[in-house]
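Chain nomenclature is as follows: A, B and C, assigned in order of appearance, with residue numbering initiated at 1 for each chain independently.
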Amino acid sequence: MIAPTPGHPALASQAATDPRLAKKQFLRDAAESVRDTGHRAFVRKALGGYYTNRDAQKSRYGDWEQARDAASLAKWSAVNHLDEMLPRFVANFEAQGGVVHWARNADEARTIILALLRDAEARAVIKSKCMTSEEIHLNQALEADGYGVVESDLGEFIQQLRGEPPYHFVFPCMHVRRDEISDLFEQHLGTAPTDSPEELTMIARRHMRRLYVEADVGVTGANFLVAETGQISITENEGNARLTAALPRIHIAISGIEKVVERLDDLAVLLPMLATAGAGQQMTCYNTLYAGPKRAGECDGPEEMHLVLLDNARTAILADPEQRDSLHCIRCGACLNVCPIFKNVGGFTYGTTYQGPIGSVITPHLRGLADWNHLSGASSLCGACTDACPVRIDIHTHLLHNRRNAARTSPGRLEKLGHRFFGLVARRPWLFALGGWLFRRTLPLAKALRPPPLSAWLATRDLPPAPQESFRAAWKRRR
Amino acid sequence: MSASKNAQTNTPTNTKTNALGPGGHDNAAARRDILARISEALRLPAPPPHGGGHAAGADAGGRSALAILPVEAARPFLPDGGDSPDASLAILAANLEKLRAVFFRVPDLSAAADCLFAQARERDWQRVAWHAHPLVESVLAGVPCSTHRVDVPGEAFDKDALEACDAGLTACECLVAQTGSILVSSETCGGRALSILPHAHVVIAMAEQVVPTLADALASIRSEHDGQLPSMLSFITGPSRTGDIERILVLGAHGPKELIVILVG
Amino acid sequence: MSRFAASMNVSLFIPCFVDQLAPRVGLAVATVLERLGHTVEFRPAQTCCGQPAFNSGYWDEARTVARHALDVFAGAGAVVGPSGSCVAMLRVFYPQLFAGMPEETAALDLAGRTFEFSEFLVKKLGVTDVGARFPHRVTYHDGCHGLRELRVRDEPRALLRAVRDLELVECDEAESCCGFGGLFAVKFPMVSTAMAEVKAGSLARTECDYIVSSDPSCQLQLDGWLSKNDKRPRTIHLAEVLAGTEGFR
């Protein structure tokens, strides 16, 4: 699907009323996306450079696999001692003048932020990229309350003008062509058309500079929360997050509770790996550590710094020891970059904030297994995601675990019967052989009649003719 | 701890009293609930990750191996940062070049001033912003145009004046060979905006400030600022950039389009 | 023909649809192993490994089928199969399926003696040259289970390089999934087809005569798409290349 229409689950802030609405929408959108071969080719081309750059960066590591072990261990340690690490982080952060707000769910997070804006008598809000803010649908809430919000990240800004959510969590507008961006700027900013990416970037840069200076509140995300020092770490390339947290009077950061790392030193491994796996860079341009608002003796900076810590079902994932490691995710996007499903259906088809393989793992936990398990089903379990993950999350196995959990709690009646029946046959070799013989004999008829699920295959693929005899028959004859 | 009239209900004591926070939100209750859920969730242990035995010093007991590794432990699995000052310098130079930063090595401060003069002239800078620091002040004479100091004591910070400057001149905490990064802090490098708002960022540093790896830089943060961290520390790795438009690299997205590093000694 | 290992007893593991739809593949495996001087048996009680139910999340139903497989192969020597996905099921997933259950010991035991055909030849028997000749230009498609679950990547290539008059070229997406994924192929057919299209495109760009695969399920998917779209080349199983039998369609 190229763009979400109003009412699309990607834009919805409430759970789907029809439990299978999300799945039906997914199938519709996937079908539409794969039909658009031009779009698919464009996305594949966009990702082509990533592989080359990533491999070049990986080769600079002494041992990439060992680095993955270290990164994985750093996150495992923090998440599995979250009961100790999160309070430690909060205490250290608060000791430096930061204010922490605890949000159990999206609703509380929005309430907190809206109230902060009200208390601050804010007029203009500037934002840097924050997937957590997408998760809580913050922009809609702010705009509904009359605040002007501008996304400062170029890709997010483009998506904001298009009225679309981000297509990919690191490359928000990777599906948009430059001529479309030129038209967009012409329409919304009154600028002259151009097909130069450089000129288009400069247009956005010029537009944004006044906004940084004039905004009274800057909203950012956070990539890591360092327990040892009470600092939050923000990774970016453009510099918009640095500006968002430098110029406005008030800085509000939003973060999931799972972003904790134990020690500052852990970032020596995690920062370069985030850049390498996510974008094929050795380090992103700006990796910034914030320890509260402006200090006495510093000449600039926000007077207040607030951090909103969000649970929103993360503790539910934490409570599942089998899938707890999906909370290790550093949101690098590597799994999206290598996923053949993502590359063919695109970011909007998932219909939810977090796309791709990791999104397909956590969304059933965040939004309900019965409604969203189809995301875990829409995978061939090829495992490319697990191979790509810098913190070694066993992503494709978790998709399988979600399927198993769904089969337990809300099995498909017909499918379960089908597997039962097959099991019955498979335990009886004579019956299996007979069934096979029948299958081969009736295959030509079946091909003509096309009953489901055969119809799903035959629509786009052929089946070979049935061989005269099975292996077991041929073997018997051979002896 | 800074205070503002709007922050009265939002002081850190919020969670310790029963006062309701912003929007009537019961912050203390939310904190209690979330921490309780976390404790409950962690009663079931999760096995340490795949290959947990490969990371040096990992024990089967499951407690973080990294917690028992000394911070200065070498990490040969990460990219090389050089095993000698000369090696580190060479790696730094190579990285800065790849990142499209402009890099000059000069023998002394006077040469540094000359270098700065040439750069300012070549780029036709009209106004350069700076902050009070011995290194910065010693090359300031090399600036052929007008200047603007951002950290005049007693004066409010002037965002508009900074925005009108063509370049920002700063010192730095250190330079990291491994990644080609420059570490700046809000305390020692003129605040938060000086190194990010102007179109060009010039860093003046001594060769002794080069460290091999990120780990070294992070360790230096701990030792230099023990007790009172600057409110902002930033690793700057090349000029600002974006690949958002068709994945084509463009420099100077929002931060400086040019990063010029003058290394003395 | 090199022969480093003493004659071994091999029990053929014939996946259900090799049995019913591609028996030549099983016969080719037997041919190669016997040519190398090993004793090959086929236990006719075997039916299916249980992967379809397992991948769909119906693990109780999968266990029913898997228990039967455990019984069938109890006491067998080396269990060798021409399918990365089915061997992965036995070796990697049976221990997970039966974790903490009475069958766990049997599952671990079976896992320890189950091999994919190419890895058996190269790693267990120490053989790369099986005396085959196949005068064609070929490319190799890595099936995901073989590649990522079993870590089989170099073995098929080593075997192919030792085949006389064979030219091996790599496609630019050797490690991309063909899109079969078991029932995924019919549950999300449009996505599955798109993946086949991309992979087949990459394979065809090598201008090879044959696409060699170690996984009959991948073959079903790729040939299905290529045939429907009237394109060459078609696939051939590694065992057939090594047996010197060329399957034509």
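Note that a residue touches a chain if its C-beta (ideal position, glycine included) is under 8 Å from a C-beta of that chain, and two chains touch if they have at least 3 such contacts.
All values reported here derive from a predicted model rather than from experimental measurement.
Student: What chains do chain A and chain B have as common neighbours?
Tutor: Neighbours common to chain A and chain B are absent.
Student: If you take the mean of the Cα atoms for each chain, which one ends up farthest from chain B?
Tutor: Centre of mass proxy via C-alpha means gives C as farthest from chain B.
Student: Just curious, how far off is chain B from chain A if you go by their C-alpha centres, in Å?
Tutor: About 27 Å, centre to centre.
Student: Please tell me the distance, in whole Å, between the geometric centres of chain A and chain C computed from their C-alpha atoms.
Tutor: Distance between chain centres: 33 Å.
Student: With chain centres defined as C-alpha means, what is the inter-centre distance between chain B and chain C in Å?
Tutor: 52
Student: Please list all residues of chain C that touch 2 or more other chains.
Tutor: Answer for chain C, listing residues that touch two or more other chains: there are none.
Student: Please output the residues of chain C touching chain A within their complex, sorted ascending.
Tutor: For chain C paired with chain A, touching residues are 14, 16, 18-24, 26-27, 30, 42, 44-48, 50, 52-53, 55-59, 61-62, 64-65, 67-68, 144, 147-149, 175-177, 179-196, 198, 220-221, 223-225, 227-228, 249.
Student: Under the touch definition given earlier, write down the residues of chain B that touch chain A in their complex.
Tutor: Listed in rising order, the residues of chain B that touch chain A are 1-2, 4, 6-7, 9-12, 14-15, 21-25, 27, 30-31, 33-35, 37-42, 44-52, 54-55, 58, 62-67, 71, 75-80, 95, 131, 150-151, 157, 159-160, 163, 178-181, 186-187, 190-194, 196-197, 213-215, 218-219, 221-222, 228-248, 250, 252-256.
Student: Quick check on the complex: what are the chain A residues that touch chain C?
Tutor: 27, 30-31, 34-35, 40, 44, 340-341, 343-345, 377-384, 386-387, 400, 402-408, 411, 415-416, 419-420, 422-427, 429, 432, 436, 439-440, 453-454, 456-457, 459-464, 466-467, 469-472, 474-476, 478
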